[in-house]
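Per-chain residue numbering starts at 1, and chain names A, B, C and D are given in the order in which the chains are listed.
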Amino acid sequence: MRAVVKPGPGPGMELRDVPTPGCGPSDVLIRVHAAGVCGTDLHIWEWDAWASGRLKPPLTIGHEFAGRIEQLGAEARAEGLLQVGDAVTAEGHIVCGHCLQCRTGNSHLCVRTRIIGVDRDGAFADFIAMPASNVMKLEGIPLEIGAIMDPVGNAVHTVLEGGSVPGSSVFVLGCGPIGCFACGVAKAAGASLVIASDLNDMRLDLARQMGADLTLNPGRDDVLARIREVTGGDGADLVCEMSGHPAGHAQAFAAARLGGRVNLLGTPSRSTEVDFARDIIFRGLTLYGVTGRKMYSTWHQMSRFLRSGQLDPRPVVTHRFPLEGIADAIAVIKDGKAGKVMLEIAP
Amino acid sequence: MRAVVKPGPGPGMELRDVPTPGCGPSDVLIRVHAAGVCGTDLHIWEWDAWASGRLKPPLTIGHEFAGRIEQLGAEARAEGLLQVGDAVTAEGHIVCGHCLQCRTGNSHLCVRTRIIGVDRDGAFADFIAMPASNVMKLEGIPLEIGAIMDPVGNAVHTVLEGGSVPGSSVFVLGCGPIGCFACGVAKAAGASLVIASDLNDMRLDLARQMGADLTLNPGRDDVLARIREVTGGDGADLVCEMSGHPAGHAQAFAAARLGGRVNLLGTPSRSTEVDFARDIIFRGLTLYGVTGRKMYSTWHQMSRFLRSGQLDPRPVVTHRFPLEGIADAIAVIKDGKAGKVMLEIAP
Amino acid sequence: MRAVVKPGPGPGMELRDVPTPGCGPSDVLIRVHAAGVCGTDLHIWEWDAWASGRLKPPLTIGHEFAGRIEQLGAEARAEGLLQVGDAVTAEGHIVCGHCLQCRTGNSHLCVRTRIIGVDRDGAFADFIAMPASNVMKLEGIPLEIGAIMDPVGNAVHTVLEGGSVPGSSVFVLGCGPIGCFACGVAKAAGASLVIASDLNDMRLDLARQMGADLTLNPGRDDVLARIREVTGGDGADLVCEMSGHPAGHAQAFAAARLGGRVNLLGTPSRSTEVDFARDIIFRGLTLYGVTGRKMYSTWHQMSRFLRSGQLDPRPVVTHRFPLEGIADAIAVIKDGKAGKVMLEIAP
Amino acid sequence: MRAVVKPGPGPGMELRDVPTPGCGPSDVLIRVHAAGVCGTDLHIWEWDAWASGRLKPPLTIGHEFAGRIEQLGAEARAEGLLQVGDAVTAEGHIVCGHCLQCRTGNSHLCVRTRIIGVDRDGAFADFIAMPASNVMKLEGIPLEIGAIMDPVGNAVHTVLEGGSVPGSSVFVLGCGPIGCFACGVAKAAGASLVIASDLNDMRLDLARQMGADLTLNPGRDDVLARIREVTGGDGADLVCEMSGHPAGHAQAFAAARLGGRVNLLGTPSRSTEVDFARDIIFRGLTLYGVTGRKMYSTWHQMSRFLRSGQLDPRPVVTHRFPLEGIADAIAVIKDGKAGKVMLEIAP
């Protein structure tokens, strides 16, 4: 089968012919329909410090996908819950099920997590094998949406964790694809006011399409002053830090209301100076670090939003390429002009 | 001033001239603009067992209202947070602030609760005096909506308590005014599917106007079968029991999904037979008895919904009367043909 | 191997020689050290309406056990987390992992639950095969305690669900083995006051040994009056209904404080009359139906209590029999004079 | 009456004769029995940047106290809940009751908070006037304990916020008086393991007296390695950062388990470098800034612990002085050799 492979240490990827993966007794073999390309894939392409420290090439890349079941292992077949031909997506974090985190509702933080396309072969290929327990039927969700439920799930996790969104004011700081999804999730979840900020006007336009009530460009707008103005002086109930920019953190803390919450998804590449007394303690803030998707409450809520039509992430998809266009896909992401970029692999 | 008074034991009320209430140091005197008429007022009119056991006439009736501040007591004035002329509404439950319930976020269950229009003089009058701490500025919410925030708040409390509404399926059992409000609240809070049932088609029509996706009439529809059908066989995540009908309880439990929640607001006039093992324990249900409004998180969330336009309760208001029309107002409620009934007291 | 088997419809069980169960790729074969005998096993012995409607004999009985791993399936071995010889216990509810309940942290309510000793072969035998994901290492917890972690877990689930136990007052209504365990759990969890009631003084004595601060016998004591007295007139923060007696429900509701919680584990054999308005709604109570153990947060908290010595359930164990003594074990349970009864199967 | 007063800008305090405070209609006048001296009082004594920016002298100092009611204002008397002679303590944060924070259960973050001994006259005096709603009856709690319920409440807030303490592992980083109280609170709340660290062995000794299972001195011990060792490699479920030392933050984050929680009470005097990606986001941590005491759930839980004897903070009290010994009291705190220091004002 065809697969986009990191052949060895160093930049780049190759489209190669590799053996179709085997399907163990608890596994499901899936014919990939489409896959999302992620910032992580750019790091892997560029072979940065993180990538070179973690990946063991050769490896098939790609962790966001949807497709149709081609084959079921004996145990998965015996369960009778999945069938050949089912349209499915899958959680790409494969976890141990036995550690403290797995046993207490925090599988997304499993100490033995193995991520497809990072720690084992991924989804930029004609087929991928997944444990049946990671696989979910789409049941009416279009395959092209299914292919990006991984990053939409990051947004759902970020927006819904820990607070009561209905009636609240949500500030999304950073409008990459996941930030744009977060705007849509917050509206779907009943937020009264969604504010989005980014330096890139194209991204702010996508955020508006996804439902942001107010978009701010720190290049032009006094972001904090405007947020205070539209929240009656209180600040935002929830801040979703999606930029990963060190300057974003100070702004995130200052934008939150007293007793508010800052959920952090964007991963800064360097450390940040924090005035804990002034910004966190005296203001009674809660901070939460977002990793992956909660398994599987995030997927459940996301599926409800998608099936009801409350949330449609497709306006964020700006580019589509065939599997052999992986270099172009990586290029448009690097360029900073893309929303979500997808690979269309099978009809 | 004019006031609708229960003059003594027995049915009926009278429009009388009574002294304007005094305004203590912590009090606010409010000129009433409009007031809602409630099922409770019907019980008081009819002098049923509950009313005759609790009220000590003569007493001014009415507990749902909005108006403008006419006068401030010395301490309320010193606080500087309320001003003469402010458009306000108020929580009608006056609580002690010292009991276990008041000290732990459950003031709505204060053992010393005194309700306006029930335990002390109420709002069907030109003026009412309220403790400043019970008074909230409307800040953009129209006075006619302010006048029914008490029952809208019952709906907010019922829908939002204890579960995560975004993406969920909500079944509202019973479409009196509060049931209709609950449909609107559930939609505003991001429910994916709102199902409403009532035997009265006029009420189902109001429920649809408030946002119910599916309305069922038990006289025609197999309610449980239809709920299972539209929830993929699971049942509803949240059931709001607003009918108070003993038969409603069994249906409420059966309509909830395994692990679901039943919030009970409707107060049945007699006891109900419950099969706890089959209906509650083996199904892992949570039941919650709704009293009043949470002080004041319910009011806060409601205000957000109302100011943003996510929720507009006005379609439920079917009748408006002047203060002297109290007998007519009571009559249309008794008749069962009304949605919400209001008294318009001052321009 | 030896196994206690329900051979066909009708009362009784038989000790038989049966084939050792096979061990599938995801399974673990366990040599049983000890097993707990439960009220459910008495229902199965007596072949009551529930048992005859659910069991399909022939079937090996028993669902509470601990033992040592004898053999690992290929996938379980590949995971590397369990080893031959490990002392283990297991959750006896085998769930599908795919339904709404399994996907949202409520596996204990899985619609496809299969219970060992009820729906598939159980643990009153020399060996039992279990899915590896249901198996937990004891890591320092004695095997004899491991054998009763199923019912201790019921108590943990009942006491810890939904409220904050530290500093609270807990009323345990019904002191069968799980009620007695609940007394110990409440003390371990920091309850300030644990009250236990039962008609049987032997059981009240066990409750005291497990930490109950006050024991009440409804045959002698005015239970509600005493609870009000020792709680400053408030009532109990949490009531654990463990009796399953229809009269227990009314008392449970009345004993809870305004805004309190009643967690229901005891399963009544008939329906109960409930005055919802007076007892649930006006009192703002929360009721919760307890099924099984939360998978696996209940097990995690229980393990912590057991390893630290905060909880020791052994005082509740009053009788121990060899596997061939199953008829005697059932007899002492039926007799009502036992606490927890165990079978000692292997050294 | 006598009062310890900050007479004007600059270091020091004076014992002066000042008028007894007036008692407004909603107020209670309290004869002070004893008062706690706090690190904040040291800042005020020294007139540091914070103190000189906030206090408006002349002002009576002191915010931790207990005493007996001497006089009730007219409204407080009419309520009938407090009586002359009652032994009481009081929450020293006087809040507005109207802001978003006050209306949503976060009064401890009220934007208009006025603190006794900081923003208005305090408790190092023969009498203090307090709003009746801030006053709580001790009902069996000794007056000398009542006098330090303010800082014990900080510890209760820090330990109990946001997680389920029963069965958990708690690491208290910094053993000043509040850290020592936190050790006792964690044990009372059912923690399985309490670890405390400090550079000062005298403080570690107090922590042990309060219930710490393991004490670590970073001058001698590899704190992180030891924590990992005693938590089976997982790290602590809850870290209470009580040191306020910038180096404490990095250690607090590293000591928490994946998905764990860090509650921050210690206020660092300068900013801290944080690697959000590595320390917070990829580890799924929750951070929470602790201000004051939750009004009044913290007080309620604390009272339960104190009345039941589960918690006794008295071992932490190392020094007692008369009112005129304020300079000595400040000196022993500055010296770093004291646990909790108290002023004994009236018999």
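Convention: contacts are C-beta pairs under 8 Å (C-beta built on N, C-alpha and C of every residue); 3 or more make two chains touch, one makes a residue touch a chain.
Just so it is clear, the structure is predicted and the values come from calculations on it, not from any experiment.
*Asks:* Same residues or different residues: which describes how subunit C and subunit D meet, taking over half shared numbers as same?
*Replies:* Copies use mostly the same positions to touch.
*Asks:* Equivalent interface to A-D, which of B-D, B-C or C-D, with over half of contact pairs matching by residue number?
*Replies:* That interface is repeated by B-C.
*Asks:* What whole-Å value do you get for the distance between subunit A and subunit B if each is reduced to the mean of its CA atoms?
*Replies:* 41
*Asks:* For subunit D, which residues are shared contacts with two or more other chains?
*Replies:* Those would be 100, 104, 300.
*Asks:* What does subunit C use to touch subunit D in their complex?
*Replies:* My answer: residues 139, 160, 164-168, 188-190, 192-193, 232, 300-302, 304-305, 307-308, 310.
*Asks:* Which residues of subunit D touch subunit A in their complex?
*Replies:* These residues of subunit D touch subunit A: 100-101, 104, 106, 108-109, 111, 162, 234, 244, 249, 257-259, 264-265, 267-277, 280-291.
*Asks:* Please name which positions on subunit C make contact with subunit A in the complex.
*Replies:* Residues 24-26, 74-75, 79, 81-82, 96-98, 100, 103-105, 133, 136, 296-297, 299-300.
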